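There are structures below to look over.
Paired with chain B in one complex and with chain C in the other, chain A is shared by the two complexes that follow.
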Partner chain A sequence: MNAPLNSVARAPVATRNNAARRARMLRAALPAVSLVVLLATIFIMQPRAMSYMGLNLMLNLAVPIALATIAQMLIISVNDLDLSMGSFISFVACVAVTLLDQHPFLGWLALAGCVGVYALLGALIHSRNLPSIVVTLGMSFIWVGGAILLLPSPGGTAPQWLQALVRIKPPLIPLAIIVCIVLGLAMHFFLMRSTVGVVLRGAGGNPLAIAKAGWSLLRIKVAMYAMAGGFGVLSGLFLVGLTTSADANVALRYTLLSIAGVILGGGEFVGGRVSPMGAVLGALTLVLAGSLLSFIRISPDWQIGAQGAILIFVLALRAAVNRLEVRPL
Partner chain B sequence: MKSRRHPLRRSLLCAALAVAPLMALPVASHADTADKKIALSNNYAGNSWRQLMLASWQQTTDKAVKDGLIASADSFTTAENQATEQAAQIQNLILQGYDAIVINASSPTALNGAVKQACDAGIIVVSFDGTVSEPCAYRISMDFKQTGIEQMDYLAGRFPQGANVLEVRGLAGVSVDERIHSGITAGAQKHPNLRVVGEVNGNWSPTVAQKAVSGVLPSLPKVDAVVTQGGEGVGIAQAFVAAGRPLPAIIFGNREEELSWWKKQSDTQGYQSFSISSGPSISSLAFYVAQQLLDGKQMPHDLLSPAVTVTQQTLDASLKDLPKGGIVSETYSVDDVARLKPAASQ
Partner chain C sequence: MSTSSLAALRGKPWLWSFLAALLIWVATLVFTGGQGAGALLSGALAFSTFFAIVGIGQMFVISTGPGNIDLSIPANIALSGALGMKLMDGQDANIWLGVIGVLGIGVLVGCGNFALIRLLRIPPIIATLSASFILQSLAIAYGRSVRVPPPEGFYTFATGRVFGVPYLAIVVIAVAVLMGYVLTRTRYGRSVLAIGQNARAAELAGIRVGRMRFATYVLCAVFGSLCGLTLAGFSGGASLGMGEEYLLASIAVVVIGGTSVAGGFSNVPGIWGASLFLYLLVSMLNTFGASAGVRLILTGLIIIAVITAVSGRKNARA
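What follows is the complex of A and B.
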């Protein structure tokens, strides 16, 4: 934040503040705007999507991605990066279709153990001052290895209650949308509006100040990693409820999707600058971009590139808005 | 793309002309599917087999649309070979109102949720090559275990006095690899004088296979034969040449570069071998199965597609019309659907 303030120091204080606030609002609105534009285009291309069933079909696989994105956002907000998110969620999925289905008690114990491992990772990364990228990259191999040990060939069955849970059809609004809204709002109030949230984010943005104010950075990191592990577990469970069975590679793509979701949603790799609402919207944008391409019916040769082009376009808009913030009109 | 498709198109046209008189009668009964839409959901397009598979789909469906057999048959490929992405793609296809979805699946199980949703929406789901285990879907696939046994049967006839065999496997953890391997193991039990002396993973790629075989060769006794899963033959041959070892009998996978190499060796030094793989035109077969199901035909849910083999006798004929980078394949017509054999339910 220092650079922007310096470069506009010559402008009168009032206009500078106004312009900066406008740019910040624009930045916060961007994820929502891109999502609305995407949805509108989809509804025009495929009016059938504008129904309860349509929204449910398009968005139910977005819920595990949104949960993974929130988990990744918690890690990014303490200025770390989790490269094991996808393999962790795959591991959870494998636990869910094997242990959790046959021995529920052991299954829950294993899932609680997963959260515990994440908390330990946070402690390790903080106390030994290790780069999180390296530690989590190493962990990703461990998770995949564990998943293959549990489920050597694709299969397994998700517990019936889990399948029923993710298929609940509430009146009027599909479950996927309700979960996303609740998730976004809850995390927004927790992380952006509560006192605890300010401290947690501060540990990423300005760890020195937080430590000087008497907070334990170790406990903050452990708490954030444990919460990330918790959301990872939720993501894996929701995913496996939808797919009904798993394989060891089922969610590998979630690592990059979750990072992309956080960034699309207005977060940054600097610690402390994240937006829970934006992260959920970013995850939805990623999923809907895929749907849109399939509705436009572009040739398969181009589908692969086009999905990337949409992401680059949204990020370019972000960059443009960021420039506004640095040098207001 | 255009120029590469040409030979295929030509052979298809020939086949179409040949069967045209036979086709004249059934056309009337096809009118029932004239307003139906079929979609292809494909998980990967990054190797020659998949490219030819997509080209075969395109050829067959273009003609079917022109003939009024079907309203449309679009193909969709996911950006990355990931089950979650393909599940989302299938849900989009449900939403787009397709009457049948033909799937080459990234995972035999992880798409089951989406496939069930499609079935519940009254959509016919046909999976081929990479099949799905959801009972409501139809499955067309080669009997992979049988291809493993056939490779060993050929070697047993070729080396009646016994032989040392090296097994080059595919991608670890994938069900096809597991099934071909079980066939090889069964073949080794059936012919006890064939001894499997080594086992490496070639990942269905000539370059990976070359590296893997080069790495294991120094530790092996004399290798008389190599069994493969298709597509890595030339890489294996190069590994033997580089190590200064005598060339073993390598079982090939119907790729043009493999057959050309085989032909050159057999012309110069009387090299003999055998080649077996599934043909990429299985996508056309899957299309016809979907169309026939839409037409109201009853079929078992598990169908066996024939394997395509090339022997020393048919080598020249197979190579003649094969374009560079192509794979030996059969041209299927709607009548082949009736000849499909049911498979044991999975």
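What follows is the complex of A and C.
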């Protein structure tokens, strides 16, 4: 099951298992290792970044991206893909600086509605067996349209409490790090360790088996999409807390970043193979890659390209590790 | 309705997109009282051309099976537009240089995409996505300097019309006919469809799956590059955000045109029908006086409605 049998059939069983286990551990460690290497490089280039202030500045904007990545990961674990994540988060940001600020009740209602829309999307995609890519691309138009209607020109003000919330300075460890750790751990225990989590991931790994065991695939998809919507809302709220104002395009690049983060973190597009810890680490890696480039004074023109290059590099490493797993020597 | 005409309709899924386009065209004309029928059609042909050319490329990629998709099209368009305009440098004498340069970029991008997919064994979505990050950076770094206008001759070609039909549309209709022939009548096209239906079976039947996919990604990238070049010529210069809307558009026209997203069942005429539909839809909403926000929302809703209806039809058939 763990490794294709034909290529390793002759290896003694014990060695094969050991080698396969080592390769799997290596793959699981890859996201963390890449992050540590990146952090170390940054600290060597710019020792002042190794302070509370420095980490706070570098990692603050990572939190909304990490939340978006977790949202994307939930969708990916049921074998779908959300290409509207960025426009959805932009829409949430626009709701937060308009409705939520002026009419808190309406604002919360709208945000709850957003989660409801995501749940409906999950139901629609599952019951009509639609390609999620096309449906979410269509949704991205709807979110951007809604955002433009709410906030025709950039501006608005984030609610005071929200601004205060994201600016909390806990002693010793910056808020961004605490949030990321809590997020990663909570999702890890929920998705990887709990019974519910196994069923939810199973819907991506072997839907037939899950359905035969008596679970409703429809309810699983609705639940996953609704949770993804919830994390998208959190991401948008955290983002406007930091930026204090918004525009309809504020988070568009989150779509690609969130997908890249999930894959960097060891997730795969099909089969329910995802890793919440990895996803958070992947998001941090992408953000820090940007910081590193500004420290070595590479023009911002190349930032997004370098993120692409890092993505390719990590994937190349993973391909090498996977080959090790198949042909352990 | 007789069963034979129903069967004919089922055999031609692309008819729906033309019907929808026609319906919207008529609705717009009813609203304007018949004014500007020709101008609307002429404009639709001009703008749909760009959707159609990227759509054809994307269709071939999608045909090769589930998971195959090219997300690097927008970045490719931006880069190709910038490169083409720079190489031409506003001189008619340099047009050939720009065209060759852009074709070269297309081939390179296609090779790069496929190399990532093949060598790193990563899903095409993430491979073309990472490639697009790099292309986007190249486009930003390369296209940052002053906007170079297209050479006079190229501009005239890109915007010219004969009897209201844009030259470009004529060329791309010819390309569509050619690619339709390639898809249904040639060894390559049949191989692409066979791979999309069952890659394993295709391989056992002796089709070089890797080579065919390679050719398809190069084809798609070249079409994307050509779209970038002509779009830059058409709009009087390249701009960075020029390709953004083509990610959705390229996928939407494939789906609305009646091609199966799961691969293996494709048709070229539907790409044109869907391209006309997409443009006419936006212009209809404009005519009705809808604001940008409302227009976007309705466009999104209609795309979702179409995909829902289309897949419903497929389920009924299965």
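In this text, the second predicted complex is superposed on the first by the 315 of 329 C-alpha atoms of A that agree within 3 Å, B and C clash if a C-alpha of one lies under 4 Å from a C-alpha of the other, contacts with A are read in each partner's own complex, and residues count from 1 in each chain.
We take it that a contact is a pair of C-beta atoms (placed from the backbone, for glycine too) under 8 Å apart; a residue touches a chain by one contact, two chains touch by 3 or more.
Predicted model, so just to flag it, every value in this text is computed and none were measured.
Q: Touching A:G146, do we find chain B (first), chain C (second), both, or neither?
A: After superposition on chain A, A:G146 lies in contact with chain C alone.
Q: Once the shared chain is lined up, is A:L124 touching chain B (first), chain C (second), both, or neither of them?
A: Touch status of A:L124: second partner only.
Q: In the superposed arrangement, which partner chain does A:A319 touch: chain B (first), chain C (second), both, or neither?
A: Touch partner of A:A319: chain C, not chain B.
Q: Scan A:I173 for contacts with chain B and chain C and give back first, second, both or neither.
A: In the superposed model, A:I173 contacts neither chain B nor chain C.
Q: Quick one: classify A:I259 as touching chain B (first), chain C (second), both or neither.
A: Touch partner of A:I259: chain C, not chain B.
Q: Can A:F295 be said to touch chain B (first), chain C (second), both, or neither?
A: Touch partner of A:F295: chain B, not chain C.
Q: Just checking: does A:L137 make contact with chain B only, chain C only, both, or neither of them? Give me first, second, both or neither.
A: A:L137: touches chain C, not chain B.
Q: Could you say whether A:V37 touches chain B, chain C, both of them, or neither, answering first, second, both or neither?
A: A:V37 sits against neither chain B nor chain C.
Q: Quick check for you: in the superposed arrangement, does A:G156 touch first (chain B), second (chain C), both or neither?
A: first
Q: If I apply the document's touch criterion, which positions on chain A are contacted by chain B in one structure and by chain C in the other?
A: Touching chain B in the first complex and chain C in the second, residues 148, 152, 301, 303-304, 307-308 of chain A appear in both lists.
Q: Applying the document's contact rule, which stretches of chain B touch chain A when the two form their complex?
A: Residue list for chain B touching chain A: 1, 42, 45, 54, 74-80, 82-85, 87-89, 91-97, 107-114, 116-117, 133, 173, 175, 178.
Q: In their shared complex, at which residues does chain A touch chain C?
A: The contact residues of chain A facing chain C are 81, 124, 128-131, 133-135, 137-142, 144-149, 152, 256, 259-260, 263, 268-270, 299, 301-309, 311-312, 315-316, 319, 322.
Q: For a test of understanding, state which residues of chain A touch chain B in their complex under the given definition.
A: 46, 48-49, 53-54, 57-58, 60-61, 64, 148, 152-156, 239, 242-254, 287, 290-291, 294-295, 297, 300-301, 303-304, 307-308
Q: Can you check the complex and tell me which residues of chain C touch chain A?
A: Answer in residue numbers: 67, 69, 116, 119-123, 125-126, 129-138, 140-141, 144, 247-248, 251-252, 255, 261-262, 291-301, 303-304, 307-308, 311-312, 315.
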